[in-house]
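Before we start, here is the structure in question, set down as structure tokens.
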Amino acid sequence: MRENSIKNLLAEGNKAVNGWCSTPSPFSAEVLAHAGFDSVTIDLQHGLIDYQMALSMMQAINTTETPVMCRVPWLENGIIMKMLDAGVAGVICPMVNNAADAENFVAACSYPPRGRRSFGPTRAVMHWGGDYAKKANDQMLKIAMIETVEALENMDAIMSTPGLNGIYIGPSDLSFSMGHEARLDPVEPAVVEAVATIRDNAHKHGLFCGLHCSDPAYAKDMHEKGMNLVSIPSDNRLLMGACKDWIAGARGSNAKEEAPKSY
Amino acid sequence: MRENSIKNLLAEGNKAVNGWCSTPSPFSAEVLAHAGFDSVTIDLQHGLIDYQMALSMMQAINTTETPVMCRVPWLENGIIMKMLDAGVAGVICPMVNNAADAENFVAACSYPPRGRRSFGPTRAVMHWGGDYAKKANDQMLKIAMIETVEALENMDAIMSTPGLNGIYIGPSDLSFSMGHEARLDPVEPAVVEAVATIRDNAHKHGLFCGLHCSDPAYAKDMHEKGMNLVSIPSDNRLLMGACKDWIAGARGSNAKEEAPKSY
Amino acid sequence: MRENSIKNLLAEGNKAVNGWCSTPSPFSAEVLAHAGFDSVTIDLQHGLIDYQMALSMMQAINTTETPVMCRVPWLENGIIMKMLDAGVAGVICPMVNNAADAENFVAACSYPPRGRRSFGPTRAVMHWGGDYAKKANDQMLKIAMIETVEALENMDAIMSTPGLNGIYIGPSDLSFSMGHEARLDPVEPAVVEAVATIRDNAHKHGLFCGLHCSDPAYAKDMHEKGMNLVSIPSDNRLLMGACKDWIAGARGSNAKEEAPKSY
Amino acid sequence: MRENSIKNLLAEGNKAVNGWCSTPSPFSAEVLAHAGFDSVTIDLQHGLIDYQMALSMMQAINTTETPVMCRVPWLENGIIMKMLDAGVAGVICPMVNNAADAENFVAACSYPPRGRRSFGPTRAVMHWGGDYAKKANDQMLKIAMIETVEALENMDAIMSTPGLNGIYIGPSDLSFSMGHEARLDPVEPAVVEAVATIRDNAHKHGLFCGLHCSDPAYAKDMHEKGMNLVSIPSDNRLLMGACKDWIAGARGSNAKEEAPKSY
Amino acid sequence: MRENSIKNLLAEGNKAVNGWCSTPSPFSAEVLAHAGFDSVTIDLQHGLIDYQMALSMMQAINTTETPVMCRVPWLENGIIMKMLDAGVAGVICPMVNNAADAENFVAACSYPPRGRRSFGPTRAVMHWGGDYAKKANDQMLKIAMIETVEALENMDAIMSTPGLNGIYIGPSDLSFSMGHEARLDPVEPAVVEAVATIRDNAHKHGLFCGLHCSDPAYAKDMHEKGMNLVSIPSDNRLLMGACKDWIAGARGSNAKEEAPKSY
Amino acid sequence: MRENSIKNLLAEGNKAVNGWCSTPSPFSAEVLAHAGFDSVTIDLQHGLIDYQMALSMMQAINTTETPVMCRVPWLENGIIMKMLDAGVAGVICPMVNNAADAENFVAACSYPPRGRRSFGPTRAVMHWGGDYAKKANDQMLKIAMIETVEALENMDAIMSTPGLNGIYIGPSDLSFSMGHEARLDPVEPAVVEAVATIRDNAHKHGLFCGLHCSDPAYAKDMHEKGMNLVSIPSDNRLLMGACKDWIAGARGSNAKEEAPKSY
């Protein structure tokens, strides 16, 4: 079986930088796959992407050694199973709010006897190799998002779910749920503290912890404070920023009024 | 923030004529957007359209000032959230049968604290403007379909749901559910009366009321009786009718045997 | 081999009514295929359609017995060959201005020894049957457009090309070329006369003659005057007209100000 | 209404051979439709296919008389309804584990009063004919998959569901659930016996029984033992095998090490 | 008729900054359309884009007021006509090497009597308005690329072509043709001088002049020296650069080893 | 720069087996890429494939180490350039009939000073590496098809074209042109001899020689007689054959009446 390099990298305690595709475009995804990220995640939730497009994007990313993960739109059996059959190296599930959600998520990702994943890894076996069926439960990452007050309260129960590999924090929804403005790179003390608490608890449970970021300096700081994986906001946000910078540079203005920071 | 013209038009008590896209085609949708409708609705339920196609159709319609709404296939979080993130001006939800359904629907469409919509308006913020996050709950239309006997019985509870903006009537399913043949432009007295009752109750609750129609004369009559919004049956039904008329005209027959009237 | 019904219909001297697809949409094409036309033509010239889309549209039309023809964008070997390999029942070629163009066109459509079509009827043999290779030269329609002053002058030479089956008249370009406004359903006497002359000469050469039309009454009149095949202006023109009529009907206006008549 | 030939064939007690599309490709599906199968099934579960692609594949298959069925990804209202509206001749539903699942599935497929299918057969009425609405409940096949230990235990209750037409066995998941390795063409005695038991019980309830197979000889044996319908493993498995055979033939090796047998 | 803002901006002597789409993605194009460019060009030559994709990208860009131009792959009638019918505001043609090429190009873009463009502005009339046919020759930009030694020698003849609006310089091909390494932002004195000569001659002939650039500072310098329009290298180059910068920022390296500079 | 393994394999005098994609499907292409071929060729001539689809197929094939070549539809600058920019390892050009065609073809594939390829290897540089521009002329295969009587007569002149790497024989068109029935695996003595003559002459000019085949035993024989590369007829032909074999096996018939042999 092909190595799942993002799993290994995190298992060895290294810091990962993760690309994030919201743009429905295989070529755009291929660009990210060549940029030097440790992994690239296709976002089927807030990205403008559904299954068929995600499949094409996986093919484009798999032209490189960069592993592909996905975020599914919701905790639903159908799409989780289909993305795994297509060969993703890991699944990020939004809005895991309690132990039942976490168990439900891991079971959807796992073959019997651990779970209820149905058998038929059509593309996965071609991509990962003939022993995929035997090793998939162990190798494919299962990552739960903690991003609500309810999830904060159920953190330990969620993190105790057997088979779960990591936690991913969505700061916008977490801020929203805690009564603050939705934004990335939180500065509100209560949210900053919640992020740190999740990270530390994840580590206690032997899980890695990832965070959705906006500014690379903020991401670097998070890495230094122990966060295992940081992500860019999205490919479209980076593209928009690069276009605005170029225009400002060509016009000699320094109009760096970016797209709104808050999501 | 860009104005939601279909919301304003209905809020001001004007009569709206709504286009209806069942054909999976951005250009076909663009034609409707130029035809003079007050809004165009992409039907992800009975239309031959899923998310990725709907996104392309929204881009085509957004080349004009005509606002885009959608009908989702079912009361499911995933697709409701994705269509809102893509920037629809309103969501029509089929088969809202009781207060719990209505609450569930509005919550899926609304950011906290009103609802549980997850944050990430990737295209919506680009289309509507930087203050989308603040105004979306107030501005994006949430429209529940009443189309079963169960829903008739729970009408007041459904219509009392805070945040709901309007009611949309599906006469085919309503007729079916009442024990009659499924058809548009109902003439069966019991169904005609049910339609009128829904409309009048909607108005009492401060909601607008829309109706799916087939014949423009029937639609005009409904408008005159107080219905706020009427829709064409679908783009493909109109195209089929126009082709048959043209053929009959060229052949000199007056064979106007149309596609079946009943759906 | 499957019968080429549009070829037979015209060979037997019947009048044909032809659908015209400018909308890049397989489902829209499928609607036309069910509407009762004698043939449906996919327009790769002014329609918003290229090869891959045309292939999908052919599959949709081939769900019925309605034969599919195409208009290629230009007299180019590549696209003519590809459309024939995909299985079209006939090819309409724009801007055939002289005998060399006509010969070039027929040769591109014909297997040796008549022409230079390369062998590989990938989908055609599946659609038409195992003897496609033997019968294609005879069965697939080759139709040259006469639509310029130069072509008018070279009419006899063009029409004498062995293997050519019919002539198709583009009144807009013909009017333009003759110094008048580009429009369908010409009323300008010189253009009306040119159309009649082309038609009569085609008949003298044993060819059928077709005309692109806008109004069905005009088309009926042309049929009665001997034109063999008449076409609708396009699916998008009919859809736009049907939408405007419906809106006008629902609003009680009789605002029938259609899309511009002139193309 | 067009005849549903796969329904009739099975109702008359004939043996059916079913094609299976996992490849997201209308042309690949069209090839299968021409190959001589009694039906072709589009797999939206383990196939790399979602709704929009399935629609295009249906159009390609409907260029022939071969009927199209589908396997949906999961027991979900939305996709079942959409596939029926698109015109499938039958729906195979995975993981039907008890009577409630079976009832839920049949209700999702059936118009009132039998079920809760919403009305709007946009493409189905065009494909099947104007009386589709009246006959769909009776004519469209509803096939439940029995593929878990739980389902084995609830077999009689599942099979007693009014409106159910047949049972389809997924040997990989069944083997998995029974504690054995997931594989097609089971040889493990307990699994072989379970398959026979399901088949015999289906017959007692007046239902046909189908089986997913890998090797044609195994399929032939199953036919002879009373199985009503057998399926190829998938188009991509057959294509892979044919390529490997060709390469081995050209190289003069007899390296027939195929893709893994177990799924 | 809608205003062609990029034509007017250049006619008034303003400096333009032009976006450049090489990524086959409507959403990526929509991002550029919102970024503040004066125009966005879809590159069908070296971009990974053909007609059908370009059409979808035009729809996405036309959701804003930003005008769309295109670069066609080659001086070929078919694609020039199709892009104009789709509604582009201007056409950039590569490899215009002499007066005959220039005349051929302008004629392909122009309705009679100026040229030989065939009539059928299917989407263009919808986008630009009912008088498109009358004004298209005057309003749609025709821009010839000068990028070879042959073209340098024929500069005056090319620039004298009636109806031509502007010149666009491709520095990579120009450098190549002059015997130097292909690269943007040329520093080789002979190439720098050739660029200046083209620009000054264009101005003498009343034409604007544009340049493909890489670095915004170089572009600003070119603007100041009289260049009328400067373009970004491509959307994918900017995205790649932004990803590499973000990764370097998050890792605390300042590894700014970008994608190769030379194209 | 990444190694061009098919170039090296042939340069070292090894025998190659080449896959052939006529099916417009990235996943189908990915299956072929995993099957063990030495290279896979995307056929844009008789395959049902144009540029945008070919690009997606290249991404799918590039998930493996198997190199991708293409056959272009015709000797046209635009598509040759676009396929090279997309990153193909080699181009097969149909209908190269004389020295001028051969020179024209090689020039279209080569950067100055050898040829006139325009600079902009958007995807190629990402796939092959940063020194693509310097090495592309040397590394990318240029393969001319000899498949007409005219080409037979001009064989030496064609094969003397500097930069040409190999010859590919299309036996169907060659048979046709020589007055025989179009078919693969020719048995007609004159055609068999022509094939041998082309092969031997190619070797004298230091070129490799490839042949389009149908039966693997015929291909093996050709290999043994000195042919350097043999291709399967097409993916769809192999899929059709495998389906028919499976059906016959399951039915116990040995009805091996395949798709027609002649192309």
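Read from first to last, the chains carry the letters A, B, C, D, E and F; within each, the first residue is number 1.
Criterion: contacts are C-beta pairs under 8 Å (C-beta built on N, C-alpha and C of every residue); 3 or more make two chains touch, one makes a residue touch a chain.
Treat the numbers as computed from the prediction; the structure is a model and nothing was measured.
A.B. asks: In contact with chain A and with chain F at once: which chains are those? Just list them.
C.D. replies: Common neighbours, chain A/chain F: D, E.
A.B. asks: Which neighbours does chain A have in common with chain C?
C.D. replies: Both-contact set = B, D, E, F.
A.B. asks: How much rotation, in degrees rounded to the nearest 5, is required to superimpose chain C onto chain F on the basis of Cα coordinates?
C.D. replies: 120
A.B. asks: Farthest chain from chain F, going by mean C-alpha coordinates, please.
C.D. replies: If we average the C-alpha coordinates per chain, B ends up farthest from chain F.
A.B. asks: Measuring between Cα centroids, which chain is at the maximum distance from chain E?
C.D. replies: Farthest by centroid: D.
A.B. asks: Distance from the CA centroid of chain B to that of chain F, rounded to the nearest Å?
C.D. replies: Measuring from centre to centre gives 52 Å for this pair.
A.B. asks: In whole angstrom, how far does the Cα centroid of chain D sit from the Cα centroid of chain F?
C.D. replies: Centre separation, chain D to chain F: 38 Å.
A.B. asks: Just give me the whole-number Å value for how far the CA centre of chain B lies from that of chain E.
C.D. replies: Centres of chain B and chain E (C-alpha means) sit 41 Å apart.
A.B. asks: Could you list which residues of chain F touch at least two other chains?
C.D. replies: 24, 27, 31, 34, 48, 50, 52, 55, 76, 79, 123, 126, 236
A.B. asks: Between which chains is there touch?
C.D. replies: Taking the chains two at a time, the touching pairs are A-B, A-D, A-E, A-F, B-C, B-D, B-E, C-D, C-E, C-F, D-F, E-F.
A.B. asks: Can you list the residues on chain B that touch chain D in the complex?
C.D. replies: 22, 24, 45-50, 52-53, 73-74, 76, 79, 94-95, 147, 170, 172-173, 176-177, 179, 182, 234, 236, 259-260, 262-263
A.B. asks: Which of the residues in chain C end up touching chain B in this complex?
C.D. replies: Where chain C meets chain B, its residues are 15, 17, 19, 23-25, 27-28, 31-32, 34-37, 48, 213, 215-217, 219-220, 223, 230, 232, 235-236, 238-252.
A.B. asks: Can you tell me which positions in chain C touch chain D when the two form their complex?
C.D. replies: Its residues touching chain D are 26-27, 30-31, 34, 55-56, 59-60, 62-63, 123, 126-127.
A.B. asks: Write out the stretch or stretches of chain C touching chain F in their complex.
C.D. replies: Per the touch definition, chain C meets chain F at residues 50-52, 55, 76-79, 81-82, 85-86, 111-113, 116, 118-123, 125-126, 130, 133.
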